[in-house]
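Below you will find the structure I want to go over with you.
Per-chain residue numbering starts at 1, and chain names A, B, C and D are given in the order in which the chains are listed.
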Amino acid sequence: MEKSIAQQIYKKMYAIRVFEEKVEVLFAKGELPGFVHLYIGQEACAVGVCANLSPEDYITSTHRGHGHCIAKGGRLDRMMAELFAKKTGYNHGKGGSMHLAASEIGILGANGVTAGGVPVAVGAALSSKIQNQGRVAVAFMGDGSTNQGTFHESVNLAAAFKLPVVFAVENNQFGVGTRFCTISNEPDIAKRAAGYNIPGVIVDGMDVVAVYQEAKKAIEYAKAGNGPTILEMKTWRYRMHFQGEPATYRNDIEETEWIKKDPLEIAKTKLKSMGLLDNAMIVDIEESVQKKLDEAVEFARNSPDPMPEDALTDLFA
Amino acid sequence: MRKISYSEAIAEAQLQEMQRDEKVILMGLVQKDPYGSAFGQTKGISSVIGEDRIFDMPISEQGYVGAALGAAITGMRPVVELQFQDFITIAMDQIVQQAANMRYMFGGQIKIPLVLRAPTGAYLAAAAQHSHMLESWFAHIPGLKVVLPSDAADAKGLLASAIREDNFVLYFEHKKLYDKKMDVPKEPYTIPIGKAAIKRVGKDITIVAWSFMVSKAIEASQILEKQGISCEVIDLRTVSPLDEEAILKSVAKTNRLLVVQEGYWNSSVATSVSALVAEKGFDYLDAPITLITAKEVPIPFAPVLENYVLPQTNNIVETAQKILNKI
Amino acid sequence: MRKISYSEAIAEAQLQEMQRDEKVILMGLVQKDPYGSAFGQTKGISSVIGEDRIFDMPISEQGYVGAALGAAITGMRPVVELQFQDFITIAMDQIVQQAANMRYMFGGQIKIPLVLRAPTGAYLAAAAQHSHMLESWFAHIPGLKVVLPSDAADAKGLLASAIREDNFVLYFEHKKLYDKKMDVPKEPYTIPIGKAAIKRVGKDITIVAWSFMVSKAIEASQILEKQGISCEVIDLRTVSPLDEEAILKSVAKTNRLLVVQEGYWNSSVATSVSALVAEKGFDYLDAPITLITAKEVPIPFAPVLENYVLPQTNNIVETAQKILNKI
Amino acid sequence: MEKSIAQQIYKKMYAIRVFEEKVEVLFAKGELPGFVHLYIGQEACAVGVCANLSPEDYITSTHRGHGHCIAKGGRLDRMMAELFAKKTGYNHGKGGSMHLAASEIGILGANGVTAGGVPVAVGAALSSKIQNQGRVAVAFMGDGSTNQGTFHESVNLAAAFKLPVVFAVENNQFGVGTRFCTISNEPDIAKRAAGYNIPGVIVDGMDVVAVYQEAKKAIEYAKAGNGPTILEMKTWRYRMHFQGEPATYRNDIEETEWIKKDPLEIAKTKLKSMGLLDNAMIVDIEESVQKKLDEAVEFARNSPDPMPEDALTDLFA
């Protein structure tokens, strides 16, 4: 791994963490309307994968999409403005947290429908293949989402047509309050790859270096015309399913074990031991991110609301 | 009488029906305690009934709605839930091509004692994929009964009827109503499916509404009353089959019709109510039939935009004034 | 001019648009030759264009419609086909929650130059799961344009427009029309989406129809003409957005409105046409607005049953006579 | 295998063959309305599986469903009357070929939607499990149908809840004019079982004895509470996709090879060599079936049409 990539990786992981912590506070204070699903704990997944992507490559994201957006190069200010429902947000206040999109950097949208974005990613890959553009499309999704029929249809289609797709499954082991192994008989989602005769890989989703390396292989494999990979990242969400969720259902002991594997700590330790990061860099990165975040909140707060009549624009081209 | 909320009333109806009939089962996402469904609509049930008849499903709407159908035609009486009505888009084949057609297509061989419940509606900054009002789609399809309770007491009685019914009933709960409390009898009772309720008696104009719009229509009526306009508010309760008689009777009295619908205009229940009266009650009419519906865009996230798109009480007031030439 | 069939006209429009713009691709079941689609709607195309831009899909309607959407927002102009419109029930999430919402929900960031084609309609003893007319569902949803050509010449021009349009267009072909031949210009041409056509000028009554019902309305008009009743037949061509002006203008002239729709009554395009006129053209009306639609049951298999359920020419004749008090 | 079962097996296979040949002729003559998909060539699949079922067990079927209906015990006369659109048909003329159902013998319907019946079978199995009835549900489907999302959702659900289901896949290698291996990257559908941690079995679908034996295992496994099996039967349809199909797309040489493996011939040879069938029995069986078939056509032809107003009955209970 190059040094610059390592720094980008830590920067984005840190940005996700503090962005989400800020959103948590703002939401609790009632400054953000709607629903919010935080990405804290899963930073290594989005960042490890997206560190292999260029702006031309595509991603589709999920209801828990802030992390993917930051990892793919989304601006904190326009993201924050969108969460504030402001006109300056990426979606001009029409989308909100669950629909963040930035097509100019290949972000084909977060999605309020589990696995809803997966076929869209397959289509982007088809488009890349037809036009010989060499772009890859990464479909992010959670463990729960892989039980949607569209997951199966998408993997089958991509495999049959050898499309440049990576099915990036963040297996945090719960979909809302339901433990994956109670609604699926095989805890390893990557094992499904056998049915499509494609690679299925399991990686520690708390370890950004491991994710980066496995994602690299999958992306290169896809770009070389070999077709898709199912990349399963075992991970854990540190917060509730959505902010304000009433029920608690996870086991404290398990929770504590996972929290020990904090992806930011692992990233720091590993990247330092690889000689790619040092304490001074970390301080620099954290300060610059913090500054951008403060500016983003400021920008969002000071941005204008949309006008009511703006509701009638943007429907048709 | 004790006051309970709309979501508590829904949970109570399901619990009581499960106690009454062991064939009743629940299927959906996070149905069991401690969750008890996303808005608490099954809260407390598994703790009382046990876990044998409540099934927490994978996120496979087409698959598990189809499984509920399979269970319904082989002896069970499933109540199957979608976490949001919007996700019904995933289960449409099993609902429309399979369940709605099945009894008829098989020449009456089977019964389908199946209820599908789902939270519906907007006004929550939940944006385009979590705000739909899709009752009109299902009203369009023969073989389906479509119920939308507008308050907690109706919610309980209509759900009991739906569960006891030997046909497939779609039961859509409005998210803005879940927390609303009111007097609800403790003992089980039923409210007939297919019958509208006059929620307010009046003489100058008939306002037809259902689901969350009923409360907006009543609010508007209270304002209008002070201006000397007397509104009759009809809560359809069931949008398919339509209670034609109740609608026509009211318009025969008031000679004016305003329909208030949260969903979109084109090909909707609101246009059906209009078409019904324009065909069978034409001679009663002293004024054009007016419809208030959502504006024709997806539901936007920003509250300022969302409020602009959706029907509001003041729209009803102003439109009623216009119809009665009081503006 | 040479005569070609409706399905040939559809194939010709697609071929010509593919020749005109290399971004146009086809996706669906058995699209390539020798098959060329179930009813020949893509016949001959792969033999001319080659196989690089025509994709035979697995039977995964939700998946491949979603893939078409993904391709549409990243530079292609896909025409995606469902083998029967009924199977759209499987793709509803990608059509309604994803495609219809996407541009708006993303704040206008993307364009969706996507066409979805599907054979629609009954009268073929194909029974309940292969006979649906579901255009009303899509008319109900903002963000979708919905086109139903009633003859070969319209089919070609409307499809060319749909393919050139930067928005998502649903294009529903009636199965009973595929074999019908007529004069169709060879060179490419477009017919505007969103505009109705007066298919027959008249003065006593306006008959609004679309798709296969246009030919039934014309047949009925010919019979009625002999009885001294002059019918104006409006072919909507597009059911969303509705051409309000064309409808209102005709009713302003004839003062009577009959809507003939193959699909079901409740929450339909027919009720919308009625509601439009009952609100904005109320003063033009000399008689109740009458709707002829399918009876409220799934489409049965036996022809004797199917014919009873569906609108027939003689229903139109008799209803028009009744509206004009000639019976 | 018991002798009586062997005879039943041959009887049903022969009944399917001649029923379908008769339907072919009647349809060509214009006596039957609608669409017809013939089962000829796949007799060993339906019969081999259903020979293990009792009337209480459930099946769901497909657009190509006549064979399943006969194998599960459907009466030729009521089936034929349904194809003739008569009031005496199983569905009183409301369903036709693609919707044949006979709930009193566990036939939960043929289906015009590919994989449309699969979740229904899962639900029937759930019902059996809840009520402790010991019934199994067999979902029949074609290769093409397994690319539907509902296939995945159904298998996952049945596996997770250990429901008594058998997913009986008749892989005749084509869905309409599309060869399975052009739209799926793995030709063996049974391999998908790995993703759900359930058994996946491949069997020669032209050999009724082999099908019978593998189906027996899967059904016993399901009834014992172990959950579902994917049972893939490799087979071939001898006719076009539907009667009147305009296109031809299959390879003559391949076709000839398959026709050599005629399932009725294989059945006769095998069952005879096992001492379960002899030529006299065969003659008896064929004569009795032929008689029933002639009676069925007679019955159907002489049955009344429904009355137009019958169209309005049977919607609601």
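In the analysis below, a contact is a pair of C-beta atoms (placed from the backbone, for glycine too) under 8 Å apart; a residue touches a chain by one contact, two chains touch by 3 or more.
For clarity, every value in this text was computed on a predicted model and none was experimentally measured.
Chains touching both subunit B and subunit D: A, C. Chain centres here are Cα averages; for subunit B and subunit C they lie 30 Å apart.
Centre-to-centre, using mean CA coordinates, subunit A is 36 Å away from subunit B.
Centre-to-centre separation of subunit A and subunit C, using mean CA positions: 40 Å. Inter-chain centre distance (subunit A to subunit D, centres taken as mean C-alpha positions): 45 Å.
In subunit B, the residues touching two or more other chains are 57-58, 60, 62-63, 86-87, 90, 93, 97, 104-105, 127-129, 142-143, 296-298, 300-301.
Among the residues of subunit D, those in touch with two or more other chains are 91, 93-95, 99, 111-113, 116, 147-150, 152-153, 156-157, 160, 182-184, 315. If you sketch which chains touch which, every chain touches every other chain without exception. Only residues 29-30, 34-36, 38, 40, 56-63, 83, 86-87, 90, 124-130, 295-298, 300-309 of subunit C touch subunit D when the two sit together in their complex.
The touching residues of subunit D, counted against subunit B in their complex, run 58, 60, 89-95, 99, 101-104, 108-109, 111-113, 116-128, 130-131, 137, 149-150, 152-154, 156-157, 160-161, 313-317. If you check the complex, the residues on subunit A that touch subunit D are 147-153, 156-157, 159-160, 162, 182-186, 189, 191-198, 227. Within the complex, the subunit C residues that touch subunit B are 62, 86-87, 89-90, 92-93, 95-97, 100-101, 104-105, 127-129, 136-137, 139-143, 239-240, 242, 263-272, 274-275, 277-280, 282-283, 285, 287-291, 296-298, 300-301.
The part of subunit A that touches subunit B in the complex is made up of residues 33-35, 85-86, 91, 93-96, 98-99, 111-116, 144-145, 147-149, 175-178, 182-184, 246-249, 305-312, 315.
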